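Data first, discussion second: the structure below is written as structure tokens.
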Amino acid sequence: ADSDPIKVGVMLPFSGVYAGLGESTRNGLKQALKEQGNSIAGRPVEFIEMDTEAKPARAPEITSSLVDNQKADFVIGPVHSGVAMGMIKTIKGKDSIMIIPNAGANAATGAFCQPNVFRTSFSSWQTAFPMGKEAYDMGYKKIVTMSWNYGFGKESLEAFNESFTKAGGEVIKEMLVPFPKTEFQSYLTEIASINPDAVFVFFAGGGAVKFVKDYDAMGLKGKIPLLGSGFLTEGTTTAQGPAAEGVITTLHYADALDIPKNQRFRQDYETLYGKPADLFAVQGYDAGQLIAQAVSATGGNTTDKAALIQQMEKLEIDSPRGAFHFSKAHNPIQTIYLRKVVDGQNTVVKVAQDHLEDPARGCKL
Amino acid sequence: MNQTILEAENLCKFWGGLKALNELNIQFKDKQLHSIVGPNGAGKSTLLNTLCGAYPATSGVILYHGKPITHLKGYEFCREGIGRSFQKTNIFHNATCLENCCIAAQQRIGGSFNLFRKRSKNRQITEIARKALQQVGLTARADTRATEVSYGEQRQLEIAMVLATSPKVLLLDEPMAGMGHEESQTIISLLKELKQQYCIVLVEHDMDAVFELSDLMTVMVDGQHLITDTVDNIRNNPLVQDAYLGNDDEVF
Amino acid sequence: MDTSLFLVQLLNGVQYGLLLFLIASGLTLVFGVMGILNLAHGSMYMIGAYLAYYFTTLTDSFLLAFLISGTMALVIGIIIERFLIIHLYKRDHLDQVLLTVGLIFIFNATQSFVWGNDPLGVEVPELLSGSIKLTDIVEYPVYRLFISLLCLLVAATMYFTINKTRLGMMIRAGESDRAMVENLGVDISKLFTIVFAIGVFLASLAGIVSAPIVSLVPGMGEHVLISCFVVVVIGGLGSIKGAFVAALIVGIVDTYASVLVPQASSMSIYLLMALILLAKPQGLFKN
Amino acid sequence: MQNILEVHGLQTLYGESHILHGVSFDIKSGETVSIMGRNGMGKSTTLKSILGIAPPRSGSVIYKGEDITRLPTWKRMRRDIAYVPEGRGMFHNLTVKEHLQIAARKNSRGDANWTYDQVLEVFPRLTERLTNKGTQLSGGEQQMLAIGRALLTNPDLLILDEATEGLAPLIRKEIWQVIRQIKDSGVSTIIVDKNIKVLNELCEKHILIVKGKVMFQGDSRSLDDNKAFIEQSLAV
Amino acid sequence: MSIFSSKSEKIFIYLFFAIGLFIPLFLEGNTFYINKFSTIIILSIFVMSLDYLVGRTGLITLGHAMFYGLGGYIFTILAPEYEAVNFWVYTFYVMLISGFIALIVGLIVLRTSGIYMIMITLALAQMTFYFFADSVEYGGLDGLFVYIKPETSIFGLSFLDLDNETHFYYLCLLSLFNCFVFFKVIMNSSFGRVIDALKENPDRAIALGYNIFHFRLIAYVLSSSLAAYAGYLFALQFGFVNPSMMSWDISATALVMALLGGLGSVFGAIIGSFMYEGLHYYIEHLTEYWMFFMGVLIIALVLTLKHGIAGFLNALGGKRS
């Protein structure tokens, strides 16, 4: 019936290394729906939260719980790409719509794209590709790249490499660190000995904190500029302290992004949760907005998923990061900013690339 | 004359710098009880352990029926028919006494790699095991768990297990240690009986038992062979008295 | 690789190895010497780091934080031993696994409840925050050298205590035969409580001093746990010297592997352990 | 003379099985006492109950006038009791030297009649083995070490459970010699052993335990008087 | 003659499989619960194989998940991507290949014992983990998909449709049953006698003439290939394999389940898995800090139960095994 709740399954890591990201995402999601008075087109919204523990092996089971048992209309999740793959596999052909609020694996909206899978965050490719050209334009010709040896990291390096070489630069060395190792001394020593024009890295979370601090402590920061995919300085600058000052990154968002929507969003978030919003909150928030707008557009009808999907494909989301809409593969077409850490905050230097669309390689949608 | 079954030629076993066995030559004959005595740390246990393959020899040869077996693996010695008991009780504490002997017997009978045959189905094994228990006088304890029998009875079980492997040579390391008088008597009469059929090597500090049982005695000191002779000769040998026995009975 | 680079990498390896030793030292004591399998060792490392964070923020003094956190760790150690571990000495080792897995869960939940899940960092104390210039491009953080020094100190103290003092003999004897030590008139349960608490303290100490050079994240304890076991086992159970040498080997191998054979570097320490155990099934220094 | 030890009505169980049924006896200061009995009759259990290793369910142990029934084992030992258990209790990770060092201490009166060197003098065999681990010794060497270790605590009451088991005759004699020496120095001793003849000679008092009960106690003279009964109980 | 070693075990097994047989009738249509049960049953098989190895043979491993993962990977790699293969044939392949790998691994790890064996199994498992996690062709950390589930016909007759959750459930239940019977039979066999002996006192077993290495190796191979079978079922259930199946915390969790259930009792493995997973599922829905309560519960259980739940039940039943 029409007053039945809209079921929103939330599959995020609430324990383990990624728990912080899970929490922010959930907060953002709830904020968006709270703005709608927790009801859409007269139907209340019910959340069912599950902890993925960021363990891919558990992903299919939990997804199945939400999809088959709880009959969730939407499943929001996950943070971790490995989990995303397990989820997509399970949700394929099912009658629920999955909205990925973070995981960046290119394949999620590439080779494995599905009609009922949307992403409100980014593809790994998107976050690193624009930096290649920017780096070249800044005058760096020979660069060392480095990341953890896993999907997100490698995809980021590839994307960077793609545009950097196209612009005319040369990646003279690519270093892959076993995940989740954070003992960087030997790599840093090697970087010092190579002495490139700049270094481009992908690290996130605790690894990012450690890397940036070590980079500084080794005395490299003043000598070799540090560039990165935006996650290097997302939610980590407080922990990094002064070591993060001046690090340049590209991302589809920046805390200090100076547009009214963002300011309002951040203010509300702070009053609601008592701490500043971050990128993950934005992505969760947009997942919430997406649900709200799509369900409103169908007049509260969630049984006809095909119609719902059609609505979602057409929507323009007014995100704190700036408006975006979805590509054919259901990945946001969005603006990527060039950012620099100033006084512990990611400030926007300029727009690196406007309305960047992921190539969605391998997607047949 | 009885034929030599087991012999050691120039057998050496070194522990680091310590020569626990030093160029030892010794022969054991069939159907004889040959006891080895010597002060503590003389290398008696080491000799038994080397003869049964538990320790690899540092150098030297062990001959069994005239053929060298020094290179064999530890577990293969038992299969050849060299059974041994331990100075420190070494049994399967959680199993019943009967089961302890069954484990020993099964090795002989075979079928240990049979995954699907119920173990209790094998009559032959159980019979051998019961017989062994009976020989040492433990029949009444067959179904008691080995931890629950007294120390002396555990020593008896220790011997029963060796018997259950149907050995040709018995290497017994202080079987009487810790046994009460009555139990010792049981073992003594058992050994008397067994030496009719087996070659027995006995290490024991209980001199009454040794003198009563031995056909031949060897005295070892510091890893070396001191003397091998009959009981009477040994008893009166001044060298032995000096090194091992002391002058008279166990009073001061 | 030119010589100076080679040497700097060696320094990295040694420095990392020493840190590993510090983290593993408590485990060597509790597991290697006392024979208690404490899987929550990593969690204590984590708790140490978080406590250091908490008290440095509170008091603005790393030294003060160091003292308070260290004391708290000792107390936690005493509590765990007195109320939990004490029931398990007569039981199978595996029951200790079960119990300490339970502790890991509790510590993780506590950490996430108290400190949240965002990565946190601690500033290097002012006094030690400089760097030393090694080559024209490489500088070395003084704080890391300080940690190395501390590790050496801990190693020496432990080696001496365990091997040369009567207390150390009693601890070792206790691992071999608890009841017999008691028969000698030693209050073995108190002794074990103290040693366990020291083990926990050492784990936390490692957490505290590495807080400024690592990032504090949930689950950081589990990552170090395996490395600790690798170190203790390669060295040979119960051998402080072994653990020390093993830690250095692991540190150096890991360092060179990551620059020389990056493809296989994730496996390097495991390969190392497997090879060592095949050649010496009891570890390097098991007597 | 004063009683150094009084044992009253010990009832001891291992789980379900009831081993001691009211064992009582006392020992005077300086006395050497034997406990005899066949295998499994509860001799060792009696000793363990006295020491708190197998705590009795009921009954009491009075040592030097103090009720120590509820004390933990280590505190009893601290009151100058030493114990050589059956099985010897070697530490696999301590060297012979360390076995001795760990045990050495002055007694509660601050006396140290036994020193490290003295012990090695009594057991010269151990001198050659100082760097070996306890469990790497031969059976007899372990026994020597166990006794030496006990002596180094400089006890007032020495408890020996089958201390001569596995020793060569010559050494056995030496051990008896040592025990006599100990006796002469005024230390009270409880001995469990198989060798009745020696015990008869050495001990002032004898206790016979059958199925967890004291069936006889008395001096050597009355031991001779009850020879038939005793021999039957010991199945000699 | 019965294969049970205690009355409690018998009652438990009868009850469990009786309920197991009928439960899908009550869950009509609720595929989630059916799936959940299948998952736990698969886990039970895995835990049971570990329980046998650790509890019966005395060989403790922290690398058992390696075979669990390999089971999944062997199938996924071997089976053609877009073609339905035969389930039974691939069961055979998976067990054969994993058995062969276990043989090689066993030859290495069984040279050590105790904690050293724990560590060397852990090392090999981590190496395998990183092998798959770093590999490009096997999907790296993101894992691989199984696109088409196998068909299950024997001689052209097909009873089970693996895409049907209920059918799959019964396949799992049957597998668990077979596994249980298999372990009980080998435990009671002549082989089992030697295994019991060498667990308790390996030195004596050698002195009795047993080449204990061979026996351990056989036990290791059997246990490992059944673990692989469980991993194979997991891959079939979710159509997905991932290196994290091999990570050490899966091994550790399985060990915890086996311990909770009562080590060496085999039926305890079923209890342990169901209890752990059940508690986990239940508490997780109550609170975000589920770990705390789970930890407290585990500790309470260790302190109160000496031989896990199976031991407790056996004590209740009043008969020792």
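Worth pointing out:
In order of appearance the chains are A, B, C, D and E, and numbering begins at 1 in each one.
Note that in this section a residue touches a chain if its C-beta (ideal position, glycine included) is under 8 Å from a C-beta of that chain, and two chains touch if they have at least 3 such contacts.
Since this is a predicted model, take the numbers as computed values, not measurements.
The chains that touch chain C as well as chain D do not exist here; no chain meets both.
Annotation of chain B and chain E: not jointly contacted by any chain, touch as defined at the top. By number of C-beta pairs in contact, A-C leads when A-E and A-C are compared.
Ranked by distance of CA centroids from chain B, the top chain is A.
The centroid of the Cα atoms in chain C and the matching centroid in chain E are 33 Å apart. For this pair, chain A with chain D, the centres built from the Cα atoms lie 75 Å apart. If you average the Cα atoms of chain B and of chain D, the two centres end up 30 Å apart. The centroid of the Cα atoms in chain B and the matching centroid in chain C are 48 Å apart. Under the contact definition stated at the top, the residues of chain A that touch 2 or more other chains are 15, 149, 178.
For chain E, the set of residues touching two or more other chains reads 130, 133-134, 290-291. According to the touch criterion at the top of this document, the contacting chain pairs are A-C, A-E, B-D, B-E, C-D, C-E. Interface residues of chain C facing chain E in the complex, by the touch rule stated above, are 39, 84, 87-88, 91-92, 94-95, 97-99, 101-110, 112-113, 222, 226, 229-230, 233, 237, 263, 266-267, 270-271, 273-274, 277-278, 281-283. Of all residues in chain B, only 15, 37-42, 45-46, 87-88, 148-153, 174, 177-183, 205, 207, 243-246, 250-252 touch chain D in the complex they form. Looking at the complex, you find that chain A touches chain C at residues 15-23, 149, 175-178, 180-183, 185-187, 189-190, 192-193, 195, 205-210, 213-214, 217-220, 223, 235-236, 238-241.
By the touch criterion stated above, chain E contacts chain C in their complex at residues 54, 60, 108, 111-113, 115-116, 119-120, 122-124, 126-127, 130-131, 133-134, 248-249, 252, 255-256, 259-260, 263, 289-292, 294-299, 301-303, 306. For chain D in complex with chain B, the residues that touch the partner chain are 17, 38-40, 86, 125, 129, 136-141, 143-144, 162, 165-173, 176-177, 180, 194-195, 197-198, 201, 234-236.
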